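In the two assemblies presented below, chain A is common to both, partnered first by chain B and then by chain C.
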Partner chain A sequence: MVKEHGTFYWVIFYLVIIAAVIFFLYPVVYLFMTSFKSRLDIYVMPPKFFFVPTLQAWVDAFTKKPLFHYFFNSAVVSFGTTIISLVFGTLAAYALARFRIKGSKDISFFILSIRMFPPIAAAIPIFLWMKQLELIDTRFGLICAYTVFNLPFVVWMMREFIIAIPQELEEAAMVDGLTRMQAFRRILLPLLRPSLVAVAIFCVIFSWSEFLFSFLLTQTEAKTMPVSISEFITWREVTWEQVSAAGTALIIPVLVFSFFVQKYLVRGLSFGAVKE
Partner chain B sequence: MDAVTEERYLPWGLLAPALIIILLIGVFPLFYNLFLSMHFWNLTRPELGMRFIWFKNYTSLFTSSLFWEAFLRTFVFTIVAVGLEMCLGFGLALLFNRDFKGKSIVFPIILIPMITTPIVVGLIWRYMFNGEFGFVSWILQVVGTDVHAVLSNPATALPAVIFVDVWHWTPFVFLLSLARLGALPRSPYEAAEIDGASTWQIFKWVTFPMMKSVLLVALLLRTMDAFKIFDEIFIMTQGGPGDATEVLSLEIYRQTFRYFNMGKGSALAIVMLIVIIIISRIYLKIFQKEEAVVQQ
Partner chain C sequence: MANIQMKKLCKNFGNVKAVIDLDLDIQDKEMVCLLGPSGCGKTTSLRMLAGLERPSSGTILIGERDVTDLSPRDRDIAMVFENYALYPQMTVFENIAFPLRVKKLPKDEIKKKVEEAAEILEIENLLDRGITQLSGGQKQRVAMGRAIVRNPSAFLMDEPISHLDAKLRAHMRGEIKRLQKDLGTTTVYVTHDQLEAMSMADRVAVMNDGVLQQLGTPGEIFNDPVNEFVAGFIGDPPINFIDGQLVSEGGKMYIRNDEFSFEIPQQRVSVLTETPSVVFVRLGIRPTHFSIHNKQADQMGIPAEVYISEPLGEVQIIDLSFRDKIIKVVTSPDIKTEIGEKVWLSFDFDKANIFNKETGMKIG
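This part shows the complex of A and B:
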């Protein structure tokens, strides 16, 4: 479709693009800017766009609450659940993609349907059980809860990725004397590496952002960053500059990380939808 | 171990850990929910204990106007938000489906809301909507409306929450659509060009039919997620003012973790689950029909 467009067309085109960029970017930038404002610069109308930046809010936020501890928790829980989900999920996906199992399709659909459930519906029983098992307020408990949501996703995605790789490669290797699992490890796994990265990114981002379970299942020790942010908002007051600092601190790692792995992110998200 | 037994048992061995985890932490809770939903159990009244009351939790739900209002609200929220996201996301993707200067910079910027933590999304917009010093309120003032604190006004709270969801998830529809647009085959377009089709005709008869499947996937994923929204609303309004933004997830939260009415909360959770299953089944049917048409 090669069509020549006039100047007017391109002016309108770029205006729309610029409007979209401002719409999607500005709120995040606004949060970022607020974290460098002093309290006096926040509680004014109209909002101030030029102000003397200060690090006070960051210092306050990180000294008043043990945010580093919560950061650490977020990281441990995110990576813990991602690793468990990737290992068990990929094995299960391999079984579903490469073996003739009775009801293989039903099993896949069943696993996927777990992911569709509203977390709040599972929250009540999980909360009661973890209380009984004394797993409340432990990072392990949180890792277990997150794995239920990450695992189905990994199985579903990895199954698709494995099916997309021709089986002949493994079969040839097995004819050459490798066992099935050796063929899986030495032939298939290296080919799956980019897909594994893509899926892992999603697990990490999901777990890093998760709020509800962390909110219900932790108290002080295992609390993660999103929960600590919600606690800046109380009935009496909201310390906007501090919560902005904490919020910025929470999303910066994800944004930077996502920017560098953009290629994988797009690949992972669009794979299921794009394949023919 | 010979090859035949390996073929038979190995896959189950590989599946076992995943299935056990999913059954233990994913499926059992659902059955426990079902069990709880037929009991009276209020944690603030431990002396009453846990009593089996058949379907009383359900009947009290179905006869309460609060439940139906929350139900309707959740549907309105989902339909309007997802509808807008689909239109805007797809439209933006059509716009992006060409080469232009700055595309590689603009593209990741548009994806930012999507990867922003939901809690922080709620936080940002609660701040932007603040009646005293929020950016949006200032804009509304400049424009000359007399609406100020959007989130504390029952009439504007739900539209505001929908607006936030649109901001958050339009990029998702945009990304899926754009990825598919870039992968469309060229030949139908060339044929349409030769036949002298107009831009609108090309869109209607070439682009749209080929995009249908990906749009359905986006629609399904977004509907599921919008239906169970919690974090953003929890931070912005906690379901208020009054219960202007009280969607089903928040209602479950209120019943169980505020009033400690475990039975009623579980019944609500089961109802919500059933609705989600019905929605996904309908989509699946439509989807299979689409695929059958494509394959013919």
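This part shows the complex of A and C:
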């Protein structure tokens, strides 16, 4: 039975929703607005909501620094990390979910515990290794570092998703004439597609906005957007309008991406909360 | 079409022995049911036959071909799973066609074969549906369709109708048996439901604790069980066990306890004398083999008290208490009894089984 609610309930309901939306959206909107303000308008108190927009900040930001290059780096590193993590993570998850491996639960938990490890504690050892391997300031080096932290997440999530799919489906396919790998590819993988997208979103967002490792492991060539933005803040001045322009440029792809895959995003976030 | 042989088949999961020295010889065109309680090793045996589990030791032959180390796809078998295992991303047609597509058969041949299978199972009108739109009974038929479409040398069925409701299950028992007879395909059928096994199988293999207890026709299993487990597992209401002692007196043999003393008919004694060391025995008597009297008719009487009667329409089950135990008796519904009434039970000794109380094995 669905209980009927009165007008008062709905008024409160929408007020709360609106408050929540303002709370979460305000910083984004403010960032966006600031990127179109002139330097004088930025410091006005109270903040101006109506002003003459200018593209000056965007032009300055993208001409003073090779932001397009950094943007490209971010994209390569994010997608590289995501693809590598998904490929290896899903295969590992398949093994952990489907084969009787001695201590597979312990192995799974051990893998997850890597994710719990504070990245800062691993930063120096990783820096030294990268230096030895001459991977400092390369996109590949950064992809390796990010994969370390994304892989456990992928393994853990995908293991749960695979367990949720009955093993008999692959067994039926194997009896019907497929090899194990074919059964994985033709039967299981299509069913895992929504889960793979959900997990990929998290990987992309993590890699896209990561700061610490990019700051430590890159200098000029492989530098990503988040680090380059921080460099607008110097001892001489803080060019907030340019920070805002670059920041807006950084979040737009993620916003667009999330918009298209929001259906899967909800699935990833609510996984395990309700039984399918 | 092929016969199936399992020789000294064993399966261990760590320290757990799931199947122990299973020897099973299944004839061509035969339907054998593996019957037993859950955890008895019947499904593991079937999965080894399918190639989904690797045996710890032993060999499996399908049609004289050693398939022990072959992958499932190379065994030429079809399997129907308990949860049907239909591919959710495909339509009914695609599900049934799947094994043929894997074999890369020409399109028109696939279409023809799928339609034939659908016709046999009366699911022609479902072919374009998605799997999620089907009821349990329809899913079951689609799973059967996927199995029969490839004309394999054997069908393996793992509790294929256990998720259907009682009425549909009774209907499908007949359908599957008829289908198996029509197609003449060797079939191994796993179930925990004795009614299914008895009604469908040519021979029943009763398993317990990973060990094959008895392989025989439903009649043999029912009338001539090799041990107490088989006797107790088959039959509803279950067989009644009554303890007694074997006594030899004046050239005659008796089964005795405080309440009764039965002389064992001469023709049964010959078997018994082969086991002179047995003293404590257990009589196994089917509920249908008793008759109830209101006074002691002859020597063959067991005194009991009516506990409750359950009229079922065609028959009635009367529960009688005897030495802290309940004896179930199936009688005609015309017999009227009162709770607490004293009655006498007699039984047909020819149909009773005598078990060694210690080992549980049948001795006569």
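We take it that the second predicted complex is superposed on the first by the 258 of 276 C-alpha atoms of A that agree within 3 Å, B and C clash if a C-alpha of one lies under 4 Å from a C-alpha of the other, contacts with A are read in each partner's own complex, and residues count from 1 in each chain.
Following the convention adopted for this analysis, contacts are C-beta pairs under 8 Å (C-beta built on N, C-alpha and C of every residue); 3 or more make two chains touch, one makes a residue touch a chain.
Computed from a prediction, not measured in an experiment: that's the story for all the values here.
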{"item": "Room on chain A for both chain B and chain C (clash or fit)", "value": "fit"}
{"item": "Touching partner for A:Gly89 - first (chain B), second (chain C), both, neither", "value": "first"}
{"item": "Chain B versus chain C as contact partner of A:Val175, first or second or both or neither", "value": "second"}
{"item": "Touched partner set for A:Leu151, first chain B, second chain C, both or neither", "value": "first"}
{"item": "Chain A: partner with more touched residues, chain B or chain C", "value": "B"}
{"item": "Chain B versus chain C as contact partner of A:Val76, first or second or both or neither", "value": "neither"}
{"item": "Chain B versus chain C as contact partner of A:Gln262, first or second or both or neither", "value": "first"}
{"item": "Superposed model, angle subtended at chain A by chain C and chain B (C-alpha, nearest 10 degrees)", "value": "90"}
{"item": "Touching partner for A:Ile126 - first (chain B), second (chain C), both, neither", "value": "first"}
{"item": "Lowest inter-chain C-alpha distance for chain C and chain B in the superposed arrangement, angstrom", "value": "5"}
{"item": "Chain B and chain C footprints on chain A, overlapping residues", "value": "180"}
{"item": "Chain A residues within the chain C interface of the complex", "value": "100, 166, 168-169, 171-180, 187, 190-191"}
{"item": "Touch list for chain B against partner chain A, complex", "value": "6-7, 10-12, 14-15, 17-19, 21-22, 25-30, 32-33, 36, 92, 95, 100, 102, 106, 108-113, 115-120, 123-128, 132-135, 137-138, 141-142, 167, 170-172, 175-176, 179-180, 183, 189, 193, 199, 202, 213-214, 217-218, 224, 227-228, 230-231, 234-235, 248-249, 252-253, 256-257, 262, 265-266, 269-270, 272-273, 276-277, 280"}
{"item": "Complex interface listing, chain A residues touching chain B", "value": "1, 3, 13-14, 16-17, 20-21, 23-25, 27-28, 30-31, 34, 42-47, 88-89, 91-92, 94-96, 98-99, 101, 107, 111, 113-114, 116-126, 128-129, 144-145, 147-148, 151-152, 155, 180, 205, 208-209, 211-212, 216, 226, 229-230, 233, 238, 240, 243-244, 247, 250-251, 254-255, 258-259, 262, 265-266, 269-270, 272-274"}
{"item": "Residue ranges of chain C touching chain A (in the complex, touch as defined)", "value": "13, 50-52, 71-73, 75, 77-79, 81-83, 85-89, 98-99, 102-103, 146, 150, 156"}
